[in-house]
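To keep things simple, chains are lettered A, B, C and D as they appear, and every chain counts its residues starting from 1.
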Amino acid sequence: MKAVVVHAPRDLRIDEVECPAVGPGEVMVRIRAGGICGSDLHYYLHGGFGTVRVQEPMILGHEMAGEVREIGAGVTNLRVGERVVVNPSRACGQCHFCQEGKANHCLDMRFYGSAMRMPHVQGGFREFLVCPAVQAVPVPADLPLEQAVFAEPLSVCLHAARQAGALHGRRVLITGSGPIGALCVLVARHAGAREIVVTDLADAPLAAAKRVGADLALNVATDPEALVPFAADKGCFDVAFEASGAGSALAGALQAVRPGGTIVQVGIASGEATIPLNVLVAKEITLRGTFRFHEEFAWAVFLLATRAVDVMALLTEVVPLADAVRAFDLAADRSRSMKVQLAL
Amino acid sequence: MKAVVVHAPRDLRIDEVECPAVGPGEVMVRIRAGGICGSDLHYYLHGGFGTVRVQEPMILGHEMAGEVREIGAGVTNLRVGERVVVNPSRACGQCHFCQEGKANHCLDMRFYGSAMRMPHVQGGFREFLVCPAVQAVPVPADLPLEQAVFAEPLSVCLHAARQAGALHGRRVLITGSGPIGALCVLVARHAGAREIVVTDLADAPLAAAKRVGADLALNVATDPEALVPFAADKGCFDVAFEASGAGSALAGALQAVRPGGTIVQVGIASGEATIPLNVLVAKEITLRGTFRFHEEFAWAVFLLATRAVDVMALLTEVVPLADAVRAFDLAADRSRSMKVQLAL
Amino acid sequence: MKAVVVHAPRDLRIDEVECPAVGPGEVMVRIRAGGICGSDLHYYLHGGFGTVRVQEPMILGHEMAGEVREIGAGVTNLRVGERVVVNPSRACGQCHFCQEGKANHCLDMRFYGSAMRMPHVQGGFREFLVCPAVQAVPVPADLPLEQAVFAEPLSVCLHAARQAGALHGRRVLITGSGPIGALCVLVARHAGAREIVVTDLADAPLAAAKRVGADLALNVATDPEALVPFAADKGCFDVAFEASGAGSALAGALQAVRPGGTIVQVGIASGEATIPLNVLVAKEITLRGTFRFHEEFAWAVFLLATRAVDVMALLTEVVPLADAVRAFDLAADRSRSMKVQLAL
Amino acid sequence: MKAVVVHAPRDLRIDEVECPAVGPGEVMVRIRAGGICGSDLHYYLHGGFGTVRVQEPMILGHEMAGEVREIGAGVTNLRVGERVVVNPSRACGQCHFCQEGKANHCLDMRFYGSAMRMPHVQGGFREFLVCPAVQAVPVPADLPLEQAVFAEPLSVCLHAARQAGALHGRRVLITGSGPIGALCVLVARHAGAREIVVTDLADAPLAAAKRVGADLALNVATDPEALVPFAADKGCFDVAFEASGAGSALAGALQAVRPGGTIVQVGIASGEATIPLNVLVAKEITLRGTFRFHEEFAWAVFLLATRAVDVMALLTEVVPLADAVRAFDLAADRSRSMKVQLAL
């Protein structure tokens, strides 16, 4: 079968790989749709991020949906032909973090398409994926797979929202309007935020943010002072989601968030950032990281299945597998794309 | 009367200033003891910190205790001769932060010995201070004033502890063992912390930290790897207090704190810090600022008055007013001093 | 001018009362719409509730909207003719609860149409009301006053929602589907609740609950076992709002809420209730009261003004002032009414 | 071997039972000390509590310590002769509550000496107990077993304290001063509570409460109005622990706790209680249950082993196994005893 394999920075190939057998408790999924995510792009463009580097050829992809093709012994909750979206996260269930309910911090995590451990966990941009049945979450037959495959990034943003405490009635700032920032807009709206202001350096992603519910979209490249009015009287936002990973965006958020407010750091970027720690101290701001998700995956599927949220405004293009390199280049160009998907 | 006035960096003088009259609702306090704090040292050594600069001669001091000398009209809760410690913080009570219970973020705060507003709020290192009666908090006649005057920095640390959530049973790291770091040790012990580990770059402050209750004191200058074992399995501390203001200390804390843990940033240092934001994200750490105090002042006085905590191990020397410059130089030398006080 | 005055249980009269003058900082509002609330009904039917009893004739009403007729000296934020909804809550701003941000617990609260203090605070079911300008909150000219007047009960439910923590993605039970219970449905939906189940003893209020967003409406009079499936495996609801004030409803909620879940007690009923404390203990359930509102009033006005919520499905009838007794009798009949309003 | 077996209410026998074999991963402990707890007394006096009834002969006891006599295959963390205290709680580790970090709500819990499931889980008042090695927690050789055996009730109170949020600096009320109430005093003191007031109906337990740190002990039988001054201005306690299980005590706590305060319900008593729900509502009080413990057991052992707390003031008598019935009768007499232990 075919798979999308990164070999080195800028060296992405469609390789022929072997199709694994289905064991007990497992299912084989015919992957149909794959969403390209920021970390896929980091592997493709830079060979990794921070200390995480691609050290052997790795199939990319952790956003994927398809239909069940084969069922292993003992699997009772799925049937052949059923549509599923795959939860890429497999925690061990035994370590002390798993037992505390913090499975996203599992000491033995296997996450599809991640170079965090060696050998790498191969990803899901492939024609057939064999996974534990519990990771294949059924979706209604009438839910298009290009919507279902948003379950993963939506989970990330639902988890980020939980890190912020209640958003209901809050004034929310979102810095960085890529796919994750824009999904944070959509999630904050769904959670009843009172006001949502988004910033970015480019107009195209800001327009997308407005399409999914932002009240105000500010280009801080063309108007670097755009957030200044919001910083009056020590700041007015209750919550910020910093989705750009840029130190300058975080600095801006620290100015515009009110004393006692919370900034959820979603973007990871290159690693280090220089921040005005004195502002964080003087305003007693909470800066909290958010990392992946756990029980939010089922919730994301539920929201998509019931059409409680509409993600389609964020889908730029579905690109055939054969044009995978073009798909990645398109995904890497923020001026032209939000979410790019592969048809596998 | 005499007062300790900073005119410019390294230009500290004992000036003769006028003694104000006592108005209604006010008291005059004969100041006897004044504790030198880190911000006093910043004014003395550098003329300020961050954007806060001394722009006119300013009497220093916001840690002071003495006895009531005169009572204004309408004051009923104090009597002449009573010992008091002065709360240096005067919030307006009217702005929206005051009405929300966040008086330490008051939009019209007057804090003794602070150059944050212009004209500056003159401080308390003077022979006589006239203040609203509500800011003069009585202490028992048998409480030595050199203990009472610890109420202010102790309040800072009690407030910092509140920013961390419950410390009871927690494993606590404290980076930086100056007077504030050491008082954080004492407070964490009082709050029932399970284990307290302290780091610093010098042995003298580490020894002081052990005297007030640290279980383990690590010199990270002589052993830069001292915290590494605590960072195993993603880190073990539930809570850290970063009391040094150094980016490198914060980076160390981010490594040693467990996923979901909290770092309270107490130190302000020069302003900016470069931090490994990816660690904060991947471990979902909460980094929260703490700024001064509010209702904790009365609690600090209570703890000192009832001898629930013992701060005397942190007092280096009481220096006569005439030797104020020597006192400041001593306070600035971490190898020789923890808390230095003036006898006024 | 005319006013709706309760003299004794079942003795409600339209009395002629004097129109007060407008002082500095005050406005006179020509009241046009008044919503009848549960506590109005308690005064009308029983002369009070618990220890709160009508001891002198009292104008009822604390849900009212109208237009500004006259403006006192110094009022700059309102103009004659502007539509306003009146916030019935006037906290002192000075007591320690006000200064802590808990103004709804003010020790010197004046709340329109309440017999909690003596002399009673006269209410707002009258043609002209003079109130501090800050209590008259402007609404857009195109917002019908019968919608604006929902701001008060909506505030109660927004405040109740805050007592529950984040509702986003939560499974929510609401017991009792009167006007408050039904508004809790609407608020929970707006806050992104995942599932909302409502119970009541009558079909009419259950139908109203479905109109404002309930997923499931259960009549526990006709099917007393209706909640049993939800109590399996120690219960499944994360949050419950108990809006009936009935001990049996609270007992049902205790069974159906999951371990560690929260029940917000909104209904006050007669005072005492007998509850299975052992279930609360064994499941570590949080039972928390909610009382009135504070900053939620402005938020409620914002939600109504922006049509973020639609309350009209809950309005039963607008009754002319002359028929006030009929209006109260209608409001007291749960089989025929949800919210009844007076046209004043 | 001998064991203390309840057959029916008031029918407690010392029976000869078979000694089980040690399997892989298990250890055999020679039990030396057993503490009699309130639930043991309920089984002895009433045959159970609430819906939990003794339906077959059951060995009582879930507070026990001894030394390791034999070690099963694969056990590496214990050695023969080592002193241990036994954690009576065995959660399944697999159900969704266990995986959420709420093991005390495990759907398949096995807790020594509990009739909650059928067949009952036999208890630990016996000469030899075979248990999974992970449940036998080592204690230092110099820690007397009569102190070690307090680990279980101390865990209960440490867990209760966690349900209350931070106790540091809080004013705390404890209603009911039996062994659990008195241990709550000790725990609140250890957690840095500012003031601790205890109530009971008898003088002897109040005296014990003072020995372990209560500031004030009030007999509400002889002075039913004793709490009234604390209820002024809507109440002054931040936190209460209701450890009597009596509705009247809970009603008193509701009066004396301040708006927004928390009452942790520790006592279970007979099941139902009649409470003034209107007070809970009007003061927005949080009433939260607490049930057993989980990770607190290791912490309790640590506190006892390091002598951070001193429980000996609560030990009434150590009674030989042969006099078990007398031990139970003594434990049931609040005027003569706090904690009674069996020497096995």
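The rule we apply is simple: a residue touches a chain if its C-beta (ideal position, glycine included) is under 8 Å from a C-beta of that chain, and two chains touch if they have at least 3 such contacts.
Owing to the predicted nature of the structure, the values given are computational and were not obtained by experimental measurement.
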- prompt: If you take the mean of the Cα atoms for each chain, which one ends up farthest from chain B?
  reply: C
Field: Result of counting contacting C-beta pairs for C-D and B-C, higher pair
entry: C-D
Query: Once you find the CA centre of chain C and the CA centre of chain D, what distance in Å lies between them?
result: 42
Task: Could you grab the centroid distance between chain A and chain C? Build each centroid from C-alpha atoms only and quote it in angstrom.
output: 41
Field: Shared interface positions of chain B, touching two or more other chains
entry: 102
- line: chain A residues touching chain B in their complex are 49-50, 97, 102, 104-105, 107, 163, 233-234, 245, 247, 250, 259-260, 265-278, 280-291
- request: Could you pull out which chain A residues touch chain C in their complex?
  value: 158, 161-162, 165-169, 190-192, 194, 296, 299, 302
Field: chain C-facing residues of chain B, complex
entry: 93-94, 98-103
